[in-house]
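I've put the structures underneath this note.
In the two complexes below, subunit A is the common chain; its partner is subunit B in one and subunit C in the other.
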Partner chain A sequence: MNANARTHRISAPQLLMLLFLSRLFSVLNISPVFGTLYSGMTLLLGTLLSFCLQCAFLFPLWLLSRRYGGKTLIGCAGDAGGEWLKKGAALLFLLMFSVQICGSLSAFSFFMTSIVFPNASSVLILIPFFLTLILCVRWGLESFSRAAAIFFWLFLLSAASICIGAIPSADLLNITPLPTQGAFHNIFSAALGEISKNGELYCLLLLYPSLRTPKKAAHSGFWFLLLTCVFMLVTQTVILSVLSDFGMEQTYPYYALASVVDLSVLQRLDSFHMSLWIVCAFFRSLLYLFLFKKCLGTFVIKKKTRAVLFYSLAVFLFFGSVFLADHPQAVRALNTSTAIVPALLAFVFPLVIFILLKRKEKRNETNSPQKTHGALMGADR
Partner chain B sequence: MKPIRRKRRMVLLWALTVSLLFSCTGCLSSTPLNRQSIVQAIGIDYENGGYTLSFQIFSPSESGGSNIGASADNAKQITSTGKTVSEAMANSVLVQGKRMFTGQNRVIVIGKAAAERGLLNALDYFGGDPATSRNAQVLFSETTASEILGAKGNQGILPAEMLEQIAENAGQHGKIPNVKLFEVLKAADEDDKGVLLPVIAQIPQDSESKSGTEQIDSVSSVHLTQAAAFTKDGFFCGIFDENESRGALWLLNDMDHTKLTVFVPKQYTAALELYEVNTTLSPILNQDKISFHLTVSCRASLTETVLTGSSAAHLTEDITARAQALIADECNAAWARAGALSTDLFRLKDHILQKDTARYEQVKDTFDETLSDCLLTTSVTVTIDRYGKEYLPFS
Partner chain C sequence: MFESVKGRIDALKTAMTENKPQPQPNEHRLTGSLADDMVTLRAMFSNSSDFLTREITITGVPAAFLMIEGMVNLQTMSEMLLEPLLSHRFPAHAKPQDICDYIENRTILAADTIHVYSCEQVFRMIMSGFVVLLIDNIPYACAYGMQGFSFRSVGEPSAEVNELGSREGFTEPLRINMSMVRRRIKSPSLKFDLFPVGRVSQTDICLIYMTDRVSKSLLRQLKRKLSSISLDVVLTSGYLKPFLSGTPWSLFPDVSTTERPDVLCAKIQEGRVAILIDGTPFALVVPCLFTENFQSLDDYAHSAFYASFVRIIKYVSFFVSILLPGIYVAVSTFHPELLPHALLFNIAAAEETTPFPIGIEALIIHFLYEIMREAGLRLPRPIGHAVSIVGALVIGDAAVTAGLIGAPMVMIVATTAIASFVVPPLYEAISVLRFFFILVGMSMGLYGIILFSLVLFVNVCAKTSFGIPITAPVAPFSLSAMRDTFLRLSFRTLQKKTASIEQLNGVATGTSGKEDTSNTNTDPSNRS
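The block that comes next holds the complex of A and B.
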């Protein structure tokens, strides 16, 4: 490993902060417009259950990062099943990232055109945003991870100020208990709903080789999930105790909370919160666009051709986002019952790849005992 | 990479970054400040089959920031009408050349006629408009809202600021519940509990000066003394007097601190400051009936004692006992009033829901009708542990 490769890697805390900011956008962006929202104790227990389930999803990541830390899941797929499996895996991730990019951009645009500039044109909102994204993708993972580390602390400060400001209005009487019938079903549905929004789980499988110590990927993943869970539980408790079920019926419950909280002379905390919300949308879209570009590299090796293809597909993504931004019912349809996707991409698929690799290794060891798994560990970043 | 090409890219990068900021900070479809009227208070009345909105806007009487003083002259009132509140809002730009900005609105006053047509009908527009401040105080006027907004106040830069402060003080000092817009919208949305709003009224002015000499202007010409009760559907149903309003604060667990006056004819008058208050309302769910128990625990400071006759033996104990009885009376008065109005104003159904979900499901639809049959028991503890003096006066 040369020195340059080492300097362009990111640390485990940087990865954690980047993933957290990216995930936050989907946390803040929850809205009854895009899917069913649960309330009261059902929501809180659903969040807790989703954390436990998502921790289980880290198991394949832990296996892969410890044994094949130098290769992404796509690289591992290539080693396990040849070029076709590699390209198939890359195509699968490419499609998922396309959906995530369009979803994130449309959600961002919907937020901007309903709260910041009511009834403005989504195209006008998305053009500069998208152009800046394209440009920032060129800077690479390290640069935007560093930027994310700065905004991470700003965001925590903003969230803490909102929660502290909300405490005088909070009343635990507002949190509705579990219903008498169908409580477990509702909790489980709420948990699945949370899992379906966590695309960062499978991003980790493509990002761990970029860590300075890839073996810490599962640790970063665990802390990312824990931090997100704690953040969600705290903010959900505050929303429910201040606004009750009424809060979860608002177009944007987190925004509704920010809009009713004032802290001394800071009377409209929602303005500050909104600017950080935009930053979260930016990091989420940036992360997915970066990984989208990375997956594209599996198909096209030539640099110029790859660039042309990337920009051409980016134009499609832009128009896809504009379409979804103007059709929130389509986003709602995409959101329903998609918990299966993270389960497949973050758990089943990497586990299958790991088993295939282990079998191949064993076969290789039987055929030529001097050859070890080190042969499979070529750099693929 | 060649340096010139690199430089061009950097310039492009900065241009794009700046363009991102343009889209996010308000430069898109913006309205300059000089084209906006900054609304400080909104009055909602219903007359002639439509809503009349009165806006109190910030408008310094003379140009230049140095001339803004503490007077009512900094405010102007604009009125617009419409069949709905949103139509009246839209029409407001036709009666003056500026766009109404409600993001800094402090107070919403609802006139009796508008309140009788339902709170939600009057306030729904403001709940859905993202620009409107949801922290605005909501007040009820037994006459018209425009009359209250037109009242002169000589404290603060704007009369609206004074109205807001009066409402906040009434809540903070344990006089009358202090209600914000989002709380009214929340109660209306939940659709199973009523709401209490502070009643604002004009202080009757004497037509002639008593002494015949020139007098200093009164600071305020409005006051809060009562609370208006609204049903779960948001319709005005009755008035809580001063005693009942305070009782409501105990029952709603909204009392932070307050002052209490114990008056015993021909003996003494004592003033207590209750500086730490804890209240717990808990349901007692028996097989056939539901009752509630209120536990109040206060720590108090004896701030003033005026002896008007022979002083009682064990005066501190006597004051404590009478203060406890006074609080219990206030709570019972508020309870009886809510029962008479058949409206769940104290979130009683929420208490039942927290304790027993199945029982809540059984009673939720009929609870309001049987509210007058519900009993309230109280246990009040007042502990006087501060005397405002360096020695204990009566020990």
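The block that comes next holds the complex of A and C.
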């Protein structure tokens, strides 16, 4: 590894905080369909179970990062199955990131146009947001990871303010108990629902070579999952104990909680929530847009062509987001159809790639004993 | 044994040769003929009125003293140079070389004696206040440091006032500033590197650093940047700043400025490099971190708890000064539900009588404030005070009474203005950002403010100063450096280990004086 390869890297805590902020975008928005199906206790237990299941999803990451720390999953795919598999993997991720970006931006726009600026045009809301994203992507992963590390603490402070402000109205008896029938099925469904929302699991597979210590990627992943789980449990407990099932019927239960809470001279804390929401939406979209650009690099080597292609596709993403923002049914359909993707991209696909790599190594060792897996390792990030 | 002694002698010889200015290939070498050299030199000076020559004869050998009027101490020159030379009885028909040997070996004519070999070097020496002696048939000239120009004496720095610190500030002549630094750090590892900058002005600049603390890559980068400067003149530190800065359009500084020798010493002790420029009392220091703007020398004179309290006040003031007007406009225009009812009614009552929307009102009043500040800044002091009084009366009283602006807005502007003076190094950034935040606050409310804050944060986080992210030690995080960031811990804790600036780039392991792979964030290709 040359000297330059050591630069432009982020630390494990920075990655953890970036992923946490990104993940919370979907955590703060508990789907109303979700709420009507499950009781409060089911939701809490489902969150716990989803944490345990997601830990298992880190296994392929652990294998790949320990053995091929210098390469992303796409790079490994190239080694395992040649250029076509590499491009196929990149295309798969590219499509998934496009869906995630459009989904996130449309959800964000839907929130802003329904709660903060009622009846405002989603185009007007999304234009400054999208321009901001394009500008920040240019500054690179390091810069927004550092910013995420700073905003993480501001986020926790704001979230703690809302929770502390809500404590006087909290009553644990408001949390509805488990139903007498089909409890386990409901808990399991709730857990799977949570996993389907966690796109950050497969982001890790493209980000771990950017870590200063890529071998510890799985550790970062574990701490990310734990932190998210703790945050979710705390917020869900507060929401359920203050608003009970009414909170579950809200489109934005966390917002509903923030708007009934007052702290010191501030009458309502919904603006705090709005700030948190914007911060999370920003980091999530920024992360996905960055990875989208990175995947694009697999197809186009030339810098100028890549930049032109990226900006052109970004315009398409923008219009896609505007379209989805005005058609919530399409978003729902998209979410349902891609629910299985995190499991496939974070668990099945990397495991297959790992097995292929191992087989190839074995074959190489049989053909020429001096060519070991070390020959396959590189610095393709 | 013999080899080692021979090696040392060679090294000494090399060092001595390096100290002598060697003529460059494109320079005019001194011929040894006094008449010819004088013609060349007079042509170089274009017979300028302040170029003085005094031609004398020493035991029949023609010689000449060259100097610039007003830059040489004439009394010292006559006492230490002319009198001993003219009164000494040289043997009859002494050769020119004998006169030279006498000057070099048997007199202490000047502490600072340098041999120069080309007309260009003679020119530079004369311009620096040296007296140059040319002797016929000697192919080099002797330059004697006898500077005697008048300069401002060492006084209290006007731009960096301290309560309990030293009262000494830098002054204009470079050598005096160098001596002030040397007096404070009596260490052999303190090094000064002098070289000229500016094609026409040939301004002397001096790099100051601790050889055992500074990173070699930092020094190399700095020297490369300085040598790439092709300005004609360098008159103040501001001329060099853009060349040292990574991004010219950035709002926050990545090169710090100081007028105080004690501050400079503290910074170079942390592995930074300072640049003194002849003719200006402001030294530049690189790299510069964002958190440095909130530190002052008084923090280390007060007790730890008070210094920490002052630090927190500074950080709060910074955010108040850039965000308060924007948030006030955003909240009162888009999110009034955030405010307590009593406060909301008061604001509404005050704003009801004013003709402008609250955002426009904020913009106008801040613009007026900036005009008055600029007007008062460069005027003579008595007139400056008059401008302040008129401004305060017009804005503070008459405008409110006339119903042009609301009283809460006056309070906001006053609070913002005072808060912006708490962190003087960031004043420029604060003034500009305030307007941006008002604009986004009035057009998009808190959404705009948060969005703009995010862009600003990511931009600041992307910025590096000579490979060190300016947001260090917060991001990348360094626990040891945090002892003196938001809080200032006691000296018992601080003395354990002085953090080197090199350790804050998040990559280097902090070995001073060694090559490091600095975390330069300038190549966008590596980011994606």
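Here is the rule we use: the second predicted complex is superposed on the first by the 367 of 381 C-alpha atoms of A that agree within 3 Å, B and C clash if a C-alpha of one lies under 4 Å from a C-alpha of the other, contacts with A are read in each partner's own complex, and residues count from 1 in each chain.
Heads up, the rule we're going with is that a contact is a pair of C-beta atoms (placed from the backbone, for glycine too) under 8 Å apart; a residue touches a chain by one contact, two chains touch by 3 or more.
The structure presented is a predicted model; accordingly, all values stated were derived computationally and were not measured.
Once the two complexes are laid over each other on the shared chain, residue contacts for A:P128 go to subunit B and to subunit C alike. In the superposition on chain A, no contact is made by A:R359 with either subunit B or subunit C. When the two complexes are superposed, the chain touching more residues of subunit A, out of subunit B and subunit C, is C. In the superposition on chain A, contact is made by A:E249 with subunit B only, not with subunit C. Within the superposed three-chain model, A:K293 lies in touch with subunit C and out of touch with subunit B [touch as defined at top].
Legend: residue contacts after superposition of the two complexes on their common chain; A:R212 is shown touching subunit C, with no touch to subunit B. In the superposition on chain A, A:L141 contacts subunit C only, with no contact to subunit B. In the overlay built on the shared chain, the residue A:T180 is in contact with subunit B alone; subunit C does not reach it.
By the document's definition of touching, of the two partners only subunit C reaches A:I150; subunit B does not.
In the superposed model, A:H327 makes contact with neither subunit B nor subunit C. Common to the subunit B and subunit C interfaces on subunit A are residues 112, 116-117, 125, 128-129, 132, 135, 267-268, 275, 278, 282.
Residues 112, 114-118, 120, 124-125, 128-129, 131-132, 135, 171, 173-174, 176-180, 243-246, 249, 255-256, 259-260, 262, 267-268, 275, 278, 282 of subunit A are the ones touching subunit B in the complex. Within the complex formed with subunit A, the subunit B residues making contact are 12-13, 16-17, 19-20, 22-26, 28-29, 103-104, 130-131, 133-135, 180, 182, 185-186, 189-190, 253, 347, 350-351, 353-354, 357-358, 361. Residues of subunit A that touch subunit C in their complex: 3-4, 6-9, 11, 13-14, 112, 116-117, 125, 128-129, 132, 135-147, 149-151, 212, 265-268, 270-271, 274-275, 278-279, 282, 290, 293-294, 297, 303.
In the complex of the two chains, the subunit C residues touching subunit A come out as 331, 335, 337-341, 343, 444-448, 450-451, 454-455, 457-462, 469, 471, 474-477, 506-507, 517-521, 524-528.
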